[in-house]
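Look at the two complexes coming up: chain A is in both, with chain B in one and chain C in the other.
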Partner chain A sequence: MSRAALLVLADGRFPAGGHAHSGGAEAAVKAGRITSAASLEDFCRGRLHTAGLVAGALAAAAALGVEPRELDAAADARTPSPALRGAARRLGRQLMRAARASWPSAELDALAGEFPKGAHQPVVLGVAARAAGLGPADAAYCAAYESVSGPATATVRLLSLDPFDATGVLARLAPELDRVADAAVEAARRVLDEGVDALPAASGPVLEIGAEWHAAWPVRLFAS
Partner chain B sequence: MHLDHTHHGPAAVSADAHRPDGTRRALRIGLGGPVGSGKTATVAALCRALRDELSLAVVTNDIYTREDAEFLLREAVLPPERITAVETGACPHTAIRDDISANLEAVEDLEDEVGPLDLILVESGGDNLTATFSKGLVDAQIFVIDVAGGDDIPRKGGPGVTTADLLVVNKTDLAPYVGSDLARMAADAKAQRAELPVVFQSLRAEPGVTDVAAWVRGRLTAWAA
Partner chain C sequence: MTATGVRAQARIVARADGRGGTALPVLDGEGPLALRRTRAGGDEARVMVVGAMSGPLGGDRFSLDTRVEEGARLHVGSAAATIALPGQAKGEAHYDVRLDVADGGELRWLPEQLISAGGSDLYVTTRAELAAGARLVLREEQVLGRVGEEPGRLTSRLTVRVAGRTVLDQQLSCGPGAPGGWDGPAVLAGHRSVGQLVVVRPEFAEQPVAARMLGECAALVPLAGPAVLVSAVAPDALALRRLLDDALTRLA
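Moving on, here comes the complex of A and B:
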């Protein structure tokens, strides 16, 4: 399989529903926590080391062939907010459709059959990476990058932030993305011996609270 | 389009004409057009005209609220379980063209939950003249403009005006008040669209949505054939 499949899977235009989600940025903008490129960077750094790390480890473990049902339950346990669980499953279902069309595979079909309303997105991402012939590090990079690229893109729309500044934020976070992806893969390999309890359980309480607050708004631009 | 090799399990891919259980899915018709041109009013009128003869449902793509869905609910054009709102993340054209996954789920869930359905109307959030629906999402599309938006819109063209399966020029009752020349709009639309149909309508007076409803019935006949 081609390494370039990673570019297809990680492309922001891969049609898997992400464009309608802000990764918590809309709530953070409204609460005044994101007001500029500098505060966007702080927000993204926090999300990378919490939600991003967990998503990366889940994706890497799924790419290694760990039982998706166990990973999905582990993802639920690491996602206190019902709104975020719902968003993760919707995104997982949307990614499933794009992945099955792109890399038809029996494992994806089985996962779709088991979770018709969607498994957690990072779990689907890992199985999709596997179907594309990619490895755990590729899956971890995709998940970790998505954890910051989503909020950055959304903030460009929400604050009319200069898009070059937002892209600069992502570029400056690249070395930390490397470290998070490495840690995620290391944890995923431990899952093979120790089970899903070896997955990281880093969490950002303000992200969880913000997601519940956001889900109750009558007027909003993004689905989460 | 036939990308689903397995033919079992959930979620046929995109435009596959059959559902996973082998039955023919509902015809899907998209309605797009600029803000305020009367898309939601046309959807409401179509529901009233067709609901007694067809099993139908509606998906709305509001830009930042559930206002269009709530209008349809308030008007009680269909039971609430037949109306679904999709959130579009500030980019309504993306949700109907570039990344249609949320809309596909909405139409599939409607068929699962309130089906069998004959027809699903997918209404875009008000957008610009370049917004068109993906063929992976809808089988045919209606582009709705209105006379008050300027009688030069048909001349300006754009993918919606030029390529939609049906162009609806709405609010013809306002033409005298806004100085729009309907004959000119018709001639310009003909020049842009050749043989593709155009309907001029006013929902304020008879015959209202009759012509558009007749066009929808024609598409349904062709779909079921």
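Moving on, here comes the complex of A and C:
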């Protein structure tokens, strides 16, 4: 594996469009559920163990070479909110463009051909990690980290939260992120024997309901 | 004192009787899962699950299998809420529900709430397998703790498959010992009742239902398949039931 390639893929400046999404933080701020660094941490912790775990396992499974079409269908079943399914596909499409330019590969080309409107972002992330010579743990870490770094960065803009406080939240979540990435890789390895039903399906009802509420606003700062 | 907990299985088979009604050739319950046939409504057979013992308690393993055959119509309810309680046996309790519905069959699965009492530890698995032409209404409500009580630990997974394709796969873990953030702003946001209503109808494939909010804490969404989900959180069981009943009326 190439450690430097992991830094490129995980870099917040990698042009994959993630900065336009708040990971549910915009809805949570407006609902008065994120008001401080402490409530941001609680939000991020919940997202990490639900959407983050699922995204990590999908990405790790894709990096192991599990059929992307099956993973994409499993992602749909684990994402009841059509607003979130749409956002995941738009993000997948943007990531695909950046990944194909960075690490040209036949597998990325095939996935782009099969899903012209975009596959779920974690699936694209896993195939991109493969193309970059990275492994399932790298892909799981990227996905799990994104599940919390997105809301933390967005909250700095939404609440004028001190960026030092937001980064502190991410640093405090690091040990839990290690455990989530481990669990994601373990589940992804089980998929090789048991099929996609072995993927975790952890969900956050308020994230899903909030995403639908957010999608109906006429004006919003973030796309999701 | 039991060291291993109670094992109980129940089975229901609903079959079209050839005269426009539905027969129940299999209606087998045991121990804590007693089954009663109640007054039929039109061409639909009705079954009530009667909790004949308390539980599930720690270490118990319950399973309930229901099969609705071609053209049969079945309504299953329960006489009272199910209360997960701590037990003297070691380990968590398991409650596995398996629902199979064949082409032209319809299952209305509308049990009362599941209450997670303080100190309990329950894993609930509900798996519905539907043929392409099957219909389903499934309600699931979880209440975290009795009044004024801290909840137990509850892990609940709901999987719905239509024509071999998974259209919904969701797991909720809450209570002490659940992964962090379960009570926080991403998962339950302090609500003590959470519920889902799944409606599967073949006609949704051609006429999908548009997503809409039902108040501030519930959303009706089309799934990736011929199915609709209403997902709701509420301060208590009564408010939750009102939301889900209202959603079901809108879909009728």
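Basically, the second predicted complex is superposed on the first by the 223 of 224 C-alpha atoms of A that agree within 3 Å, B and C clash if a C-alpha of one lies under 4 Å from a C-alpha of the other, contacts with A are read in each partner's own complex, and residues count from 1 in each chain.
One rule holds in what follows: a residue touches a chain if its C-beta (ideal position, glycine included) is under 8 Å from a C-beta of that chain, and two chains touch if they have at least 3 such contacts.
None of these values were measured; they are calculated from a predicted model.
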{"item": "First (chain B), second (chain C), both or neither touched by A:Leu7", "value": "neither"}
{"item": "Touched partner set for A:Ala174, first chain B, second chain C, both or neither", "value": "neither"}
{"item": "Touching partner for A:Arg93 - first (chain B), second (chain C), both, neither", "value": "first"}
{"item": "Contacts of A:Ala73 with chain B and chain C, given as first, second, both or neither", "value": "second"}
{"item": "Touched partner set for A:Leu192, first chain B, second chain C, both or neither", "value": "neither"}
{"item": "Larger contact residue set on chain A - chain B or chain C", "value": "C"}
{"item": "Partner chain(s) touched by A:Arg220 [first = chain B, second = chain C, both, neither]", "value": "first"}
{"item": "Contacts on chain A seen with chain B and repeated with chain C across the two complexes", "value": "none"}
{"item": "Chain C residues within the chain A interface of the complex", "value": "157, 159, 165-173, 179-182, 184-189, 191, 194, 211-213, 216-219, 221-224, 229, 231-233"}
{"item": "Touch list for chain A against partner chain B, complex", "value": "13, 15-22, 90, 93-94, 96-98, 100-101, 104, 109, 112-113, 116, 154, 157-158, 218-223"}
{"item": "Residue numbers on chain B that touch chain A, as the complex places them", "value": "3-6, 8-11, 13-14, 63-66, 87-91, 94-95, 98-102, 104-105"}
{"item": "In the complex with chain C, residue positions of chain A that touch it", "value": "24, 28, 31, 33-34, 39, 42-51, 53, 73-74, 76-78, 80-83, 85, 176, 196-197, 200-209, 212-213, 215-216"}
